[in-house]
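So that we are looking at the same thing, I have put the structure below in structure tokens.
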């Protein structure tokens, strides 16, 4: 099979690119594309609904994001984007795990 | 190149098929298709005009007609047709030559 | 003739006008529908697509509305009763071939579930602004018949009437629904097949060689039809033609041909006429309306009567041909005609013409997207009696 | 503004109405034509096809009339003045996209050289039976402007007027020729460019961010246009929309949008009006006509006057918007209006409505294929004075 | 009686209206007219169905100010809560609607219809739970008529579950009013 | 003056009418209106052009009964010979038209226009020969105007030959009337 | 159409044949409408002959064959055929025929019309009917221009050829119609010229009995407009040109058979494959899905 | 569109970023119209992203790029793009765009519309624009049905798939759009799915700078109608299906890439060839024929 995303070639080397993920909860329609296709499993579905009644994604492992922007590209609702740079937030894996829909 | 008409295979053998050509002078529009494509050069253009102002074909060599019906098929005006059978008229080559447009 | 029981979904239904129209077509004996989806008419085709395979009908979704209209004309000459279904933009596209249907005197029903226009306009919202188009939308002089139902029940009943008129007069009949009626769901009672009167295709029964596809004699008779494939070897053309159907390209032939097309409808207006009159006798003003607006008007009329105003109503069911003579007659008896419609003035123009200055005509316009506020109609009624 | 000399074929020509129309378009500044051949209009396109490469114009023959109409709308938003050319069947096909032009308020000229209809009818012969279609042929409520020339000279002159009106009111203008005028060859005088007044496209000149493609304020102002490619990043849609051009799908938006489309024409009827009156002052009957029929009528009028009948004439040049107020006013002064047209009753219906019973309206019909016998018109005049 | 059902696309809002109208007109011998908002602008946004139920033929088909409002999404609730006339009844889904400003002039009832449906195995039954609840609270249509309305309007294979959903909603409502 | 030119398609009948109308209206300062039969039904059959020439603006564009009929084919001749008013002039091509019934009330002139043209190299000039003949016989337009009408109406490269054809026809006509 | 009582020899008295003879295709023609409108040396009449001969050859019951034309010179074909024959609107022959064929499934419906009618305004119907594999035979008479309206350029006009709306020559790329037909699924695709009257006849006979969508392009002279504007002589000259330049290449890849102005023309039968037609396919599909509940459409009594 | 002031972590308080951050495509979107109308998990939005990214990548001046859509869910694309963007009539996006592109030849015009719009009602314009090699990029979002009107079958609906007007399954043969485009002369033909967002982006960038007629079919989920009626799950399920069944085959013969119901989908770039576009070709042709007399059309000032 093939790859659907730009493989972060240098992922395991020094100078791993990093990205900060930003999500527009209210505009998101909870399709889950970003979650499904993130190569680093950075995202997960929230348990909460937004006003429209959709579950939006939350950042599970901010530090793991390699800024591949696949989430941004594949989102049909322009509700998620990534900004290059050191993670501006702690890696919140464990903190969030309990809030995540399985 | 190819043939545009059914070659009368047995043309030079015994039992040559014969046809009698019939022309509707007034309906003819003088295109000359029948004359041009008759494989036996049976037809020629008359010098006369019909009422519309066209020269129609005349039968030059009635006896030479092999009833291939190409003239009938190619005529765009349904103005010429052939009936199988011994020539009902004399071969009129010479008689007509003077009346024929070159 | 009675309807074929195979097609009739006898019983009580809670369905919308679009679905009811589809059922009406089936009950009327329609067995060929060509269409192209468009809001708010698509449900008619969807009903048919589901039902036809079970009642021996042929549904085909064409590549566009032009093809749909052309296909039903072709199909009609193959034998079946035919229909197509569309809304404003598709109706506009059909205009050229509606002209062909007129010219070939081909019985067919064209359903237009009206939505807000012009152009793409308000696809999911109601309007009644294609009424003039139904009459004038194709080039040249011609006449058609147009009907307007005001409930899902009538979408069923009048679709049958539409087919009957199409077959009787060999003319395209425009079934001018509106989105409100088409998408409104109400109880629809479908009777037993033997309670439904239908007009079958008038197939020619005489000698083959005597057959003429048209009758321009002015005798009032409409030529019978044949279907292709029976050895009649007919020819018909959208060119001006003679009674044999052959092209005849001069002013004289044109006069015969086109006058026939127009006269067969206009001269028979009273036969084709279908309307409801209510409390006309002592009326000082008459509210004239059609389609969904006739129901909304009714609310205003009830209020007006409660307020002691002598108001009558005419509800046009057949809108084209317009009941010119009736309006001329009534004009000298009343003060005013009130004409609410969901458009900026269409049928009111007809009323005004035939009122001929004898009664005033008050149009109550609505640009579309919703029905009238009954109060606006009431106000007009009050203005009319002054 | 004066015409661009590059386009103006100054001089005396002996050409037919179709060719003259083509020259008029070029003189008016038209530089884009998309069309599809149809008798009897094709010569307009042929003229343009020959001339455009030499005057910097873009001609494209599209795959059909629908594409032609869509293409000129698209082109207009790219900057140039645009036109398409057709006859009845093609006009019918254009109806949907004429609606789009109306909705997008796109200036454009649609030439219809009328021939006998309905359907394919009488392709090479004359008629005036698409007059109502010009107004009502597309779905929904809208208004357009329509003009009728009566000579090749006017085919030139009025084509320029048509463009000027289209640009002034941002509306499709229907140039309703008839086959007789289109195929008739006469002397046509084309003046110097500086003698020709043209209305250029009103391009917006303000700040980019303030631009609004539409103005529904009711102020009477027509919004200026921009052309694509200049960074305005506009959006326009055939859906009901707001002044920004954005879809706005409710009854309120519909009312604003559609009323604007209708009002900008109807409220300005007197500004748009173009007609010739003759001997109206003491007239007892008035002959109202347009296009070729106005010339034929003139023969009858001369005879009538010679016979001492007080007959006046009104020759409609702009037929739509119809000069309602004028007819209302005249109706109380005259006995009758005589309306000869090459159709079975179209503009006569308008006259009859606004005559409002005060004057009678006598229609002199002709089904098409030829012009009237002037005697038929004379007879009607005589009947009118009785 | 003017009724509005509202929620978002995919919740079966229209079906709810349809069931009530059908019950009233075919099995309770009343007149009922159902209208609905159609079209793309409705997609993904608030969606609604209106039912007018009357003893006489319905003339005006739309509703301006309902006497009963049912809301199954926050967005729909916020969009429509201004409309009901004084004294109206408003029904909501407990989990999906968190009323912000509460109108004092109307009676509010809520049911966790979606949760009940999810517990039954699929949230698609939430609308029928709500219809049951509606039947119990409003008495506009009879439970019997409602039950008759189901066959033909829901897929054969889900009929039993739908009846169950209807009853669940109905009971929830009856329990609520009993208290 | 009502004039009809007639013949069959391809003979340049329309062009003849066009030349005469152009000469009259642009160079003789008269009013001229040319109409023609168009369309497919005309193809291969009789074809005709009508010119009305007047001192005043032409109102009625068509002609019913011409005062001059020009016929360049038998079919056209037979089709149109019934039309001309009394005292009319009828011009024919000697070789192409063999009048059957001769009308006594009209003046007939003929010229072997096609033969003359063929002798000039191509029968396509026959129409201009006929126009020259027409000019000489009828005096409706001046020879000068006719000559002015040619440029722009015939291909540049054939202009000289056309003028020659015009003159040949004109001379033939003048000789005929001289006699 | 005149009755011929003797072979025409014009200047020679010949014995009259015993009975008036009639053209063998007379029964298939509306002779009361003759002579037809087509110009001298126009190729359309020859295609009509080929059609009648092909129909005779096909063995089909002529009463079960209908012809539909659009508008154009070629579109006048239907009007001269003594079959159930329909003259529809410009470009709409195919959908009209689709309706007719479905309306009475006993019919075989052929379309005879022009290149403008079928490939310009009618292009969408053409590709969709091919896609559906509707049981239709389309004979497109390609004379490289819109003749009826006076010789305008169209989608088949070769580049460089002159036309009334291409007064300096056509510059658009023309369609390769067989390629287009094949790409939409036509089961039978051939191209001939009016010179190949026997081959065209055979193709028509084959196409008429072939279930599904068959397409035959027949190139034919339009002397009056196309040839005249391009100074190509008469129809006879064009026939000679076809003779010299047409190359029979059965089974040629349709991709490779573009037509260029006055260049070699590849003719032949290019596609002949089997695929269930729309009507048959629909029937078996619905039968399969609905079983007993399915009532097939059978036309009307 | 909301301004995002902090990464969304929902349940966790995080330091706010110094400035409000905006979606990097915001400038290309009419954010005042957001949220858009498309359903949850609908694929159209992703194609819009690919278009914007492709446009950015192309290096074209955005002010010289216009977008035209027809009518349909896909046809709403133009309405969300902050470019000169036009929402025309159903099926007429291509001729509208043809006019626009010729009206102002400085423009590059792209069409974004649905399969119904482009291949059903708009089919004729599609084949003619391809034939003319009009300088247009057509992006056809193929969701296998007419979505906007409620999920009817169309010319791309695979056989067996259910649709509202094919309640027992579709039985017509669908188009193979790349084959059709190629047969008419398109110079660039590709097919991707909305899953292949990067490849589609690249294709769009390539197509936008390619002179002439380029065509990109993008298969995208319509969960609300097509998927629901066929019980194929959500858009996510369809994305997974594309993942499993799409096979990249650059340069595949377009003849062989029919799409069957829930079977393998061949994607890739199939055609990329050079041929002078309509406008350029016309210019050099007329220049050649008319010399000095030719005044090229250059748009209006």
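As written, the chain order gives the labels A, B, C, D, E, F, G and H, with residue 1 at the start of each chain.
The definition used in the following text is that contacts are C-beta pairs under 8 Å (C-beta built on N, C-alpha and C of every residue); 3 or more make two chains touch, one makes a residue touch a chain.
Since the model is a prediction, treat every value here as computed from it, not as a measurement.
The minimum number of touch steps separating subunit B from subunit C is 2. Looking at B-F and D-F, the interface holding more C-beta pairs in contact is that of D-F. For the pair subunit C and subunit H, the distance between C-alpha centroids works out to 39 Å. Rounded to whole angstrom units, the spacing between the C-alpha centres of subunit B and subunit G is 26. Centre-to-centre spacing of subunit A and subunit D amounts to 60 Å, using the average Cα coordinate of each chain. Multi-chain contact residues, meaning those touching two or more other chains, occur in subunit F at positions 39-41, 44-45.
Across the assembly, subunit D contributes residues 39, 53, 63-64, 66, 89, 96, 100, 119-120, 123-125, 237-239, 247, 249, 370 that each touch 2 or more other chains.
Contacts with at least two other chains are made by residues 29 of subunit A. Subunit G makes touch with subunit D in their complex at residues 71, 87, 89-91, 116, 120-121, 123, 146, 148-150, 152-155, 164-168. On the side of subunit E, the complex with subunit H involves touching residues 9-10, 40-41, 43-45. Interface residues of subunit D facing subunit C in the complex, by the touch rule stated above, are 66, 87-89, 91-93, 95-96, 99-100, 102-104, 114, 116-125, 127, 129-130, 132-133, 135-142, 237-240, 249-255, 258-259, 261-262, 343-346, 349, 352-353, 355-358, 366-370. For subunit D in complex with subunit F, the residues that touch the partner chain are 12-14, 16, 39-40, 123-125, 179-180, 183-187, 292, 295-296, 298-299, 370-371, 374.
Chain contact summary for the complex, subunit G toward subunit B: residues 1-2, 4, 6-12, 14-15, 17, 21, 23-25, 29, 34-36, 38-46, 48-50, 53, 194-198, 201, 234-236, 239-240, 243, 248.
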